[in-house]
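Data first, discussion second: the structure below is written as structure tokens.
Order of writing sets the labels: A, B, C, D and E. Residues in every chain begin at 1.
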Amino acid sequence: MGGSDFYFYSLFVDIKFTFIKYETISITVHISKEMMKKTISNLPLQVKGVNFSYGKKNVLRNITFSVPHASICGLLGPNGSGKTTLLGCISGIKKLESGSIFLHGKAVQMMTRKEIAREVSVVPQQTGFIFPFKVLDMVLMGKAPVKEIWETPSLADREEALGVLERLGIRELSGRTFQQISGGEKQMVLIARSLLQNTDIMLLDEPTSHLDMKNQILILDLIKKVSYENRITVLMTLHDPNLALHYCDQIILLKNGQIMSQGNTSEVMQSQKLSNVYGIEVELGITSKGTRVVVPSCWR
Amino acid sequence: MSIGVGLYSLPMEVIFELVSCKLTNRAVPSELFSPSVVFWSVRLPRAIMALLVGAVLALAGTVFQGVFRNPLVSPDILGVSAGAGFGAGLAIILVGRSALAVQSMAFIFGLAAVVAAYQIGRRSRSDSVTVLVLAGVIVTAIFTAGLSFLKYVADPYEQLPAIVFWTMGGFSDIVWKDVYWTLPVFIAGTAVLFFLRWRLDLLSLGDEEALTLGVDVKKMRVLYISASTLIVASSISTCGTIGWVGLVMPHMARLIVGPNHQFLISFASVLGAIFMLIIDTLARTISSGEIPISIMTSVIGAPFLAYLLLRQEESNF
Amino acid sequence: GQGAEQTGNEEAGEDIVVTDGLGREITLSQPAERILTSYGIATHMVFALGAQDKIVGYDSPSRNNAFFNKLMPELSNIPTPGSPAEFNLEEAMALDPDLILVPGRNMELVENLEEKGLTVFGVVAEDLEQLKDSMLNLGKALGREETAQEFVNYYENTLQKVKERTENIAEEDRPVVYLVGPMGLLSTCSSEMYQHHLIRLAGGENAGGELTGGWVEVSPEHLIEWNPDLIFVVQYTADTSPESIMEDERLQGIKAVMNKQVFWFPSTLNPWDYPSPQAVLGLYWAASKIQPDLFNDLDMQAEADQFFQKFYGKTYTELGGTLD
Amino acid sequence: MGGSDFYFYSLFVDIKFTFIKYETISITVHISKEMMKKTISNLPLQVKGVNFSYGKKNVLRNITFSVPHASICGLLGPNGSGKTTLLGCISGIKKLESGSIFLHGKAVQMMTRKEIAREVSVVPQQTGFIFPFKVLDMVLMGKAPVKEIWETPSLADREEALGVLERLGIRELSGRTFQQISGGEKQMVLIARSLLQNTDIMLLDEPTSHLDMKNQILILDLIKKVSYENRITVLMTLHDPNLALHYCDQIILLKNGQIMSQGNTSEVMQSQKLSNVYGIEVELGITSKGTRVVVPSCWR
Amino acid sequence: MSIGVGLYSLPMEVIFELVSCKLTNRAVPSELFSPSVVFWSVRLPRAIMALLVGAVLALAGTVFQGVFRNPLVSPDILGVSAGAGFGAGLAIILVGRSALAVQSMAFIFGLAAVVAAYQIGRRSRSDSVTVLVLAGVIVTAIFTAGLSFLKYVADPYEQLPAIVFWTMGGFSDIVWKDVYWTLPVFIAGTAVLFFLRWRLDLLSLGDEEALTLGVDVKKMRVLYISASTLIVASSISTCGTIGWVGLVMPHMARLIVGPNHQFLISFASVLGAIFMLIIDTLARTISSGEIPISIMTSVIGAPFLAYLLLRQEESNF
């Protein structure tokens, strides 16, 4: 396995480097080294024993999971269960309290921002802006990680960005300013940026919120297609269990910062487990035309 | 061109003659000796300096407003002017009137002030740009107070006027030496900022989003601040504090070409350079004495900004 | 400090009545013994009148003045409650002065102090006439009438002498003089300044004579165009010296530089170019530089020594003063 | 009908006043007067011939509808169809190009901000803040319209606000700052503020976005209850047709700024109409347990 | 208390005696004549003015930062200082040194500047607070240039120094008259702002959201700006421009009690008042010769702000 060798080598180099520069943290590195022996693999995303707190408030507790290559993993859980925080940890924005996260076998903590951004693209839950950038400029920013620090987007990049907008059916928005489009349109633009970033791993925080039914399907179909064709691994939070049911290969159920259940979609999406996590009665049904749906029991 | 106009009248044919003398290495005819001095040693370095300073101040202002995501920020928000003023005052009192000492001390203290502000900002628990700006306010206050103190202890007849003179900005005393010493710094700083111009778009999105787009926010912030501070400090240490341009030029540029830093950076620099040259040309031409540059910037710049503001088609803010 | 009104009733006959620079009449029951000055020129006047031992407080800018300190080493222990800009009313009152000398232009301060029952003398000495008046009145108020009279006589004699020789010089015979002001090479005096009149009086033509305002900024182009015959550099200038002017490549074509007519305006002890008691020496000096032929009988060093001996008790040379 | 008389009277006064002060617009007023004869009624919300453009871009075209008293009306439509803009028009934030909007028979254009805010509360689609206010303070702001300009919230108001938070199950957030809570928690807080505002009409822009299943149901149940018990009229945009199906009495389908269909939920929620509006095949199904659901056909 | 300290020593028992004389309407014993003047006519009005000015500047700064949703805004962002300075200069040149004329002109022009800025801002197509702030920058520039021009044409011996004195802020010249004339304005403006304090929370949410909560954004903005400008203009016209307090006190207060304007408004005022009194007491006590108030504010205020910044538990920005 050439790939694995390469990673091993690069890790080795990293560790030597670490020994020289940061002697005090050599113990931590030792442990990781032990673990790496086993974990060095092609698994795109591995999360091991992650804990995280805001101040004294413990938000993630001993989170351990991994996402297989080119699969779509849904992260479900009630509000405030720690989904956004977990995505923040994976993309290296939040500093872990303990545990470690590996992207293709490389520890996030040891990667530069740019290395991370070449591996992982993020669609955030919320954004706020000062300057009224044009939509096209916003999307083009997805090219930043693959550019040298002094480069600017090329004409080819512009074409590519317009192509992505085209695929999402919002090419006509390209010249508008980001402040002057509707909520759903903003969401589409952020997804377009993430697609342009063209990473092996995509993290999406409620990508379908603010989207209409058609766009929800368009986006999720596209993600599924991209994931399959380009071998991209997707981890996304969702609130609609129906979407999870129809688009995810894997599901992780989070509650109070702990994983309640994880596995293949069919295993996890069971009424008992969902009811447990959300605290309401949920049932899986099937319509007369054969579509599987998840509905709260109270709607009966 | 601006170098043709001035109190000492230099008709175009004289300038032509002077330039051709220079190019062909001919000796200047003796009746053109004075015009030659005015042209080569007074007017040219001055015009070049005005262009340069206008460009770098507008550039630094644009960069700072992007980095701090606040349209009210000007390049001296982190204390570079106050630091430079203090440094100059210290040099005047301790070392005497050596221009070199004064300029170097101004430069060094200008940088030191920004470093101090950055260190304070960094040490605060919430590592936001607002905190950094407040740190700048603190440092500015301390160095300003320091300068007042220096004025207080200065010899009122010798050192005090020197200090006061120093703090007033202007181009009237620019000689080639000043151009030579600032030019490398200007070029270096401007080049850095120009090459990093696109990342400024990313940085202005906000820290978290910039991070996920692969921007090492802290490192980039330090880079932008350092490069801008370098050029501003070097501008201040030769031409004193020239206010307003750094705050207002970015807005004018943004009102014209929009917020995309890819274009804004270059446009703001050019606009700043042209603006400053016009201002300086007017300042030395209009009246019999020199009109302080600060009056001119306001008198010309304020109506222009008002025009742009009232004219704007769609909201740029 | 007893209020002036209280003492006014007792023995009206012996009251001293003086007029200050603002034209206000000031009544004192006896010569002032505790004086407070908040104005450098006024401090100078007090020294010239030999009344420095009466100072209980003086202006803070004079604190570091080497000349004053040489004449009166204990000055550094005397408080400095104010300057023309900032004035600590309380400290002034605490010092309990009989008479406060303030710049006449600060009307508000004058009124404010009077309201508190203090006796105030507004000093206005922007030209030599006002200087003489002020010296006379101040002399009276401080019980130094004789010295004041002597001083005025000396002044009038000198003025007379200079005027006689320079009054009738034709405009075209007046050398152009550029005076380098406090803000460095490129600041000079306008026609509204004392220094302008001084140059005229000394038989010269002020290069910046057509300018208005106070100290005015000019550009090097002006300087080259004016092409002055002489350049005087005031002692308190920034960043400039005759040497630096001589070396300035931009000024190499100027007559003053070509003929090496660039001088410090004396003196090294105190500037003589603005209206202070020693200003008369400045006039002499300027005249001897501008019209050397007309004043070749003048020995500046001797004149200065004599003047200082008379009014300060030590010669100029003894005090360490030089003329360049 | 005492109520109607009262409104008539107050309109009359308004019109007279208008004649005196704004003679130039008297014609417009005349027309409204004609219309009012018919429309003066207890209908809480009437929208008549509304057009709106951003610059040259026409966004709402001749929108006319009304919402009956104490009913819940869903506003559905694709992204960018003009839903948020329409809500903005109703709450008086956006100035109409033409047409008029009546709240309980009073024209919005003639009401002061405060009068509007006493009639209508709004849950916005997006918010952005400068100062880190506490959650409780955010909620208390809902009391502003009923306070005199110089008043501040009383202790009783605090109690009431805490009560609302309690009802939404987020009382423990009251002391946290708004910036430091999760996306769904923010949404809950904004809804709490709107509930505290306690108006006859509630406008909600995607109230369920960012909410987990339980909270979606909690909120919509609560709105339904409030609407029923306190006779409150609700107009809300939704992207999930299932929620519309289960919680709305009336539905308005918007597309490209035009109303495609409006009426009772059962009339409007038909696969043909929905497919038309969203541009994808949609079908209405029923699960084996008897729950009606709307699903895209492609999920079959 | 601060009124006990000062260079003119007033022991507590003397103050006691003086107060009791006043209360019982007794004549002051002749040996206490000077102390009586110091106490009643010098120290008391000064201390009161320092308290008042500190309070209103901090208050106005807090209000402006809330209204403009920008932590870098200070109360003179819309040009009130510049306008007042110009007005005072004009009065000095045209009318002479009458304190009444100077103060009234300063006041009127201070208000006029703000009105001008508001009108420019309002006429711009995008009616945002940033535009308003830029309008303020424009007006400030114009009036500052105007003042420079006045200085230029002023008589260098009489009017120029008067203008310069005027622009430097300080309490050393305060007499009862000043207190009497500013007090009603202060009370009126402060009362308005105090009563409207809660609405500031709403306004700072953003225009659209404030509108839906029943706040007439434009009207309220005008109200806040007017009331703040009134008190700041009146403060400036009596005590000159005292910088820093209006910018920094709100931050200090916010770091201590949080951003809720309901409490912030009152707390910032009290903090500002105490701060200013301490500063002024130190300024007139520490040295012989007044230390300019601006040095003191920085020397005391900057470290305090730094301390608060570094100490803060959670992010307040």
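The rule is short, and it goes like this: contacts are C-beta pairs under 8 Å (C-beta built on N, C-alpha and C of every residue); 3 or more make two chains touch, one makes a residue touch a chain.
For clarity, every value in this text was computed on a predicted model and none was experimentally measured.
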Chains contacting each of subunit A and subunit B, listed by label: none
Counting one step per pair of touching chains, how far is subunit D from subunit C at the shortest? 2
If we define chain centres by averaging CA atoms, which chain lands farthest from subunit D? Would you check? C
Based only on mean CA positions, could you tell me how far subunit A sits from subunit E in angstrom? 52
From the mean C-alpha coordinate of subunit B to that of subunit C, what's the distance rounded to whole Å? 39
Centre-to-centre distance between subunit C and subunit A (centres being mean Cα positions), rounded to whole Å: 80
Return the residues of subunit B touching two or more other chains; collapse runs of consecutive numbers into ranges. 70-71, 152, 292, 314-317
Residues of subunit C touching 2+ other chains? 60, 190, 213
Sequence positions of subunit D contacting 2 or more other chains: 128
In contact (per the touch rule at the top): chain pairs: A-B, A-D, B-C, B-E, C-E, D-E
Which subunit A residues qualify as touching subunit D in the complex? 54, 77-80, 84, 125-126, 128, 180-185, 188, 205-206, 209-217, 221, 239-242, 246, 278-280, 282-283, 285-293, 295-296, 298-300
Subunit E residues touching subunit B in their complex are 70-73, 77, 120, 123-126, 128, 130-131, 133-135, 137-139, 141-142, 144-145, 148-149, 152, 244, 247-248, 251, 291-292, 294-295, 297-299, 301-303, 305-306, 309-310, 312-317
Interfacial residue positions of subunit B with respect to subunit A in the complex: 66, 69-71, 195-199, 201-202, 204-206, 208-209, 211-217, 258-260, 262, 314-317
Sites on subunit C touched by subunit B in the complex: 40, 60-62, 64-65, 182-187, 190, 208, 210-211, 213, 216-222, 224-225, 227, 235-241, 249-250, 252-253, 271
Inside the complex, what are the residues of subunit B that reach subunit C? 6-8, 33-34, 37-38, 41-43, 92, 97, 99, 102, 152-153, 155-158, 161-166, 168, 170, 172-173, 175, 284, 288-290, 292
